Amino acid sequence: MHGQRCIEENSVVILYVDFKTLRVLRVTKTVDTKDGKKVPNIYQTIYGPLNVSEVIGKPYGARIELKKGFVYLMFPSPELWTLALPHRTQILYSTDISLIIANLELKPGKIVCEAGTGSGSLSCSILRTIMPCGKLHTFDFHDQRVECAVEEFTSLGYGEFVVAKHRDVCQDGFGVELTGKVDAVFLDLPHPWLALTAATKVLKNCGRIASFSPCVEQVQKMCVELRSNGYEQLKTIECLVRESVVKTITLTTPSLCTAKNRTEEPLPKRMKTDGSDPRDGGEATFFSMPVTSCAGHTGFLTFATCMKNRS
Amino acid sequence: MHGQRCIEENSVVILYVDFKTLRVLRVTKTVDTKDGKKVPNIYQTIYGPLNVSEVIGKPYGARIELKKGFVYLMFPSPELWTLALPHRTQILYSTDISLIIANLELKPGKIVCEAGTGSGSLSCSILRTIMPCGKLHTFDFHDQRVECAVEEFTSLGYGEFVVAKHRDVCQDGFGVELTGKVDAVFLDLPHPWLALTAATKVLKNCGRIASFSPCVEQVQKMCVELRSNGYEQLKTIECLVRESVVKTITLTTPSLCTAKNRTEEPLPKRMKTDGSDPRDGGEATFFSMPVTSCAGHTGFLTFATCMKNRS
Amino acid sequence: MEETSEVIKLNSRVVFCRVGDKRILTVHQKPLYLKKGFPKVNLASAVGKPYGNFLLVKQKEGNVFNLEPLEVGSAKEVDPRLEATGVTRDNRDIVDSSTSQKLTMDEICTRTGSGLLGAEMIDLLVENSATFSSKSEYSQQKYLRKKLEKYSDNVTLMPPSLRLVSEIIFDYDPLSVQNLRPDTLAILLNTAGISCGGKYLVLENGCKGLVTAGVLERLGGEGRLIRITTKKERSGELEAVEKLDLSKNLKQPLISLPLQDLECLNPGFEIPEKDNCFPLAECHVMLKSMGCAVLVKLTENWLREYQVLPDRTHPLVTMSGNSGFLLSGIKVQTSNAEFIYPVGDKSLVEDLDLPDFDKFPKLASATCYKCFLKPGDALFIPSLWYHNVKALDFSVAVNFFWCGMRKELYDAGDPYGNKDPVPVARAAQSVDKAVALLRTLPPKFAQFYGRKLANVLYQKSSEG
Amino acid sequence: MEETSEVIKLNSRVVFCRVGDKRILTVHQKPLYLKKGFPKVNLASAVGKPYGNFLLVKQKEGNVFNLEPLEVGSAKEVDPRLEATGVTRDNRDIVDSSTSQKLTMDEICTRTGSGLLGAEMIDLLVENSATFSSKSEYSQQKYLRKKLEKYSDNVTLMPPSLRLVSEIIFDYDPLSVQNLRPDTLAILLNTAGISCGGKYLVLENGCKGLVTAGVLERLGGEGRLIRITTKKERSGELEAVEKLDLSKNLKQPLISLPLQDLECLNPGFEIPEKDNCFPLAECHVMLKSMGCAVLVKLTENWLREYQVLPDRTHPLVTMSGNSGFLLSGIKVQTSNAEFIYPVGDKSLVEDLDLPDFDKFPKLASATCYKCFLKPGDALFIPSLWYHNVKALDFSVAVNFFWCGMRKELYDAGDPYGNKDPVPVARAAQSVDKAVALLRTLPPKFAQFYGRKLANVLYQKSSEG
């Protein structure tokens, strides 16, 4: 995946239109019309039509001029994929994904089980981390979701590192062939404790488990069950991210402090930035402040270690 | 209380030694020794002995020179009292106190019930807000605590605005004489729902209730009971305070950016402060950053309105 | 001090709460339009009734609703799923299809006769929704909220309070009050120790008068609130005070003072902004270095609100990210006199530009304000302030001395007003005499009585 | 790629966990002193056994403990009240009197025979404490923790992982890694998209190599990690890498590059500090204005940890207040060429200091770096960079041109290397010819085939 620098036919590209508009684009020269004809693949954007066959051969990150503006062709990293993908379920966002990967101790070569697959946003991040010699076994009780996920994994180039199955792990477990072979299990289920016996079966000694739940009651129940199933090092966390907006402004002395004797000691200014509009004669500076409204809660993450040489 | 600008005999003063060391000082000219003799009241501090009779007549905020340094004589505001008082129980800190007072809609003239009294740190803030025509009825099931609190309220000048009683409100209620006369009730009890019937009895229509609990389970139970007792506008909040440390430093250009062509564009500096040590030839500036470790949890505050024209 | 009226009065303000709508209205005789597509409400129908829960009941004539108090026991519990706020801003829901409701609008209107539904009718909507049970918790909440916002006949009327006013103004547009969240306002008021009868100064810019309103409420009509106003005072600047519906008596402590009148006295403070902590960090450094305050703190507060429902307890999915910074401290006495070695009306320090710190070590602790005067500038020096002037170039200074006391108290031979007033000079002579007398005693006695007399002198003179 | 050994090996590193003590040790033959007043532990006794829970068992000779694996089913559940961390820092407890324990130390030692207690013996201590039941929850936890820290015979041995290494280093002293909390490290590694086989550059200063260790772990031995080192590289700079016990193969991607070697290429970035967000906000402005990155974000993250126990669920009473700021963005292609109206090897813009924006509107979007050269200075301009030089005074410039390509590819008559290389000039001639040919067609056709041929030209030339 790291060797692949240029966009090829049948690649998947994330079309960056603006920071709020990211679209999944499959690079084909033609598309089929309803009546079965093949016509050139033209993708409509607010900046005008994009002739998709023209992007073949461009490097990822390339800027494409359209009639009324430009777009970027981005590599489908798990983060961009998460922003652009069709949400079939509530998805996990990148902060929680980062913490899950770190706390499950994932790295190349690890064997991981995931239930449910959902929209596959976590799956992609797991795959990027465990490739090229690890394996992800992902399960969902929703048939369609599994089908969609398999197709997407393949188109993103993860196909050979993932096994996606339609199964209710609470009832049917993760499969006997995985017994004692799994390094980490991730559960995003309404009743995660129902999958705990199955998880314990497939986990190696000192294997890690993670569970994502939006409500305190689920966490409370899960922790009781984890302890009584011989899990240790329980840790329940929540991570909130606050973004700061950075704005370039033209500095004026506040009208409240216009006493004459202060002119020799001007307000402190930040370094000027060369990139500011050269037509602007004023002195550009900037300030940053946290956003007014931010995500207050996604869910609680509970982690534990499966101890097999006791209990 | 606002007229009182100078320290008198028998005043209570908070002795500010440093930001970590605040002491309650009762201004008496003499103290009794163990064998009943009266001797001059000398208070020992790390900066040397303080002859207490000398502070009589000084204004609050006065600075007293001692042999090895100086101390300040502070007015016993509820905030300083909270920092200096002998902790008989876990106390409420000023952030939670601020929210309780605002959400109970306290102002001069309000009638308030509080259970338990504890160390009296909230009581003092309530009293300051409802004086001089409101009244605080405070209850504790611990006999000694009530006695101490009464003594302290009197010495701080709140005596006539507070009634402190030794009573278990969960069993015995707030007293029939208060029925329908109370604007606000505050509960800091392990099982606050046990006092809910009693609270409903004394509260006016549209009166406010607040409950402080450290654990989620208490909050869960309390909310169920509040709803089934006809309370509305339920709100459970938690407020965390993060302090920033501000340090004055002498600015040096980071060693990583010593390229010669950058000397003409020095690092941005903040306004110099006149108060920095005049002996220091360097260019003093400052930075602020949040503290490394801060309070992560005190308790959850649940507020509600008692609706009496329904259910 | 006055009691809040416990019944609703004509021409008073009330907080009007309906699902998704909380605002402050004046109880007029005429029915009010509340929003587009919603019938008029006759608030006057609630006059004389206690605050609390009401039902919207359609009148026979016109599309007008009256308010009728909910009788004891008659109300059905409002669906607790709706008490959680902030739900509407969650965008992770499955899109709600408009065709999933089996009942048509006409059927709804026929069944209710009024176009409004009681809480008990929501069940009907839910039962007849094809997709409700398959929705996620968030979507169900969103659905119920949407329906109730349209059809609910439940209204609560409350007396205005700072709590409700600050919540309503903040929720409507946090930036209109510079993100001054109700919890931050609460901490501000309590930290400042506002209480009945006190004297306070407020410089509030762009917060719609929330701070002023809060101080006035806690003053209870007694004391003084000096509000510094700037040239740019806009209309609506005191919106919060108006919404709080304070009586004339409660507003009486407020006086305004234009900033210009203060400026010449301003020793150089920046006006704290709240975008980031730098301006306040600067003030922090100043307060500490001047030694005029203790327990100086710079803080930021986070508010987390929780949805607490059976089996569905969690923090709200959106939160306010920013409510500025608070700087606090308690003023203490600074005593420059002891740091600058004064003798008579002079300091012993010869050269203030290059002082001899070995000889005058305490000078390092003194607070010093410096400024440069240009031709035409004037500097106001308050009485009893030690000062030092240095001419950088050829210069002629013109001094003017205000006589704050009666004229005869000043020394006639001292046009500069540097000398002690006549009575002080005389008192000093008396003290000198007393000292000479005490010195005739053995040292231990001289010391003891010296302290005692000094105490008497201090106390009696400050009583005067 | 390699498998972590599932049994403990001699001379490998293990994470040693006992109540209140978590650290990374090397499994030596010799017994280890762990702390004052605590007997030696013979880690070698665990060699060949799987990671997990062990009991400390006293040996007959010497004050040495061996590690014996806990047999299945033999362990008693560790008191769950102790799983919550951060309890010890709470200072609101009632002071624990040392006389409240009825059992003396001698009695304890007699009963256990070893000076260490199993978890089951803690009950005995609790039963014999006069004050335990009257303590608050916090005090009980503190009490139990103190006793277990002294007497517990339970030990867990784990293989080192980035999770454990980053927790141990951060918990020991957050300031030693500039408050780089494990969650912040996790977000950093994931946002950077570290994966096996990639090429990464790390400039890490004062974080004990945590970032380097994290990248190496995720590279799995393949790819490249260029670590920029500064002159001040201190010992212990790569403590995290050492503690992680990476094999030689896993360390192989790491190469160091001194910052000095980079400096001449540095276009003027500040090194981001993490004290506050200003340095990163500056970088944010630069990245945005240069147009070289999208989705540029400046974030701060809060971590809340919860104690989840039956009837005692709450966030921990202390938390980390500060883990710095993270700046992230994704690099995209910038194309100055289209903004500066190039024709041949010149720009059409006549005056770059006072450009005519009406005539050249796109110029406003161009990125421009400016610098001043003093006598003796040299400026390296990478090939294919458009540049403009203006002499402020009388000046003689000495230029040196590197020939990155074979010599014969350059135009012999162009010592400045400004002209296109010979093959390009020739290709241009061919293209001109093609254009002239296409122009003979009707405009619609000329346009259509022009695009087609341009596409062929682009694709084929980039394939080469």
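To keep things simple, chains are lettered A, B, C and D as they appear, and every chain counts its residues starting from 1.
Quick note on the criterion: a contact is a pair of C-beta atoms (placed from the backbone, for glycine too) under 8 Å apart; a residue touches a chain by one contact, two chains touch by 3 or more.
A quick note: this is a predicted structure, and the numbers were derived from the prediction, not measured.
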Contacts common to chain C and chain D (chain labels): A, B
Steps needed, at fewest, to go from chain A to chain D via touching chains: 1
Between B-C and A-C, the pair with more C-beta contacts: B-C
Rounded Å distance, chain B centre to chain D centre (Cα mean): 42
Centre distance in Å when chain A and chain B are each reduced to the mean of their C-alpha atoms: 45
Approximate Å spacing (C-alpha centroids) for the pair chain B, chain C: 18
Chain B: positions in contact with at least two other chains: 216, 220, 238, 240, 242-243, 267, 270-271, 287-288, 290, 300
Interface hub residues of chain C, defined as touching at least two other chains: 302, 304-305, 313
Chain B partner contacts - residues on chain D that touch it in the complex: 86, 89, 92, 136-138, 174-175, 179, 205, 230-232, 259, 263-264, 266, 268, 270-271, 273, 275-276, 304-305, 311-322, 371-374, 377
For the chain A and chain D complex, residues of the former touching the latter: 1-2, 6, 16, 19, 54, 56-57, 59, 61-63, 65, 72, 74, 77-80, 94-95, 97-99, 101-103, 105, 107-109, 125, 128-129, 131-133, 204-206, 216, 219-220, 223-224, 227, 232-244, 246, 248, 270-271, 273-279, 286-288, 290, 300, 302, 305, 307-311
Residues of chain A touching chain C in the complex: 87, 90-91, 214-217, 238, 240, 242-243, 254-257, 259-262, 264, 267, 287-300
Touching residues on chain D, where the partner in the complex is chain A: 1-3, 6, 50-53, 69-75, 77-78, 80, 83, 156, 158-159, 161-163, 182-183, 185-187, 189-191, 193-199, 217-223, 277-278, 281-282, 284-286, 288-290, 294-295, 297-310, 313, 325, 330-335, 338, 355, 357, 364, 367-370, 455, 458-459, 462-463
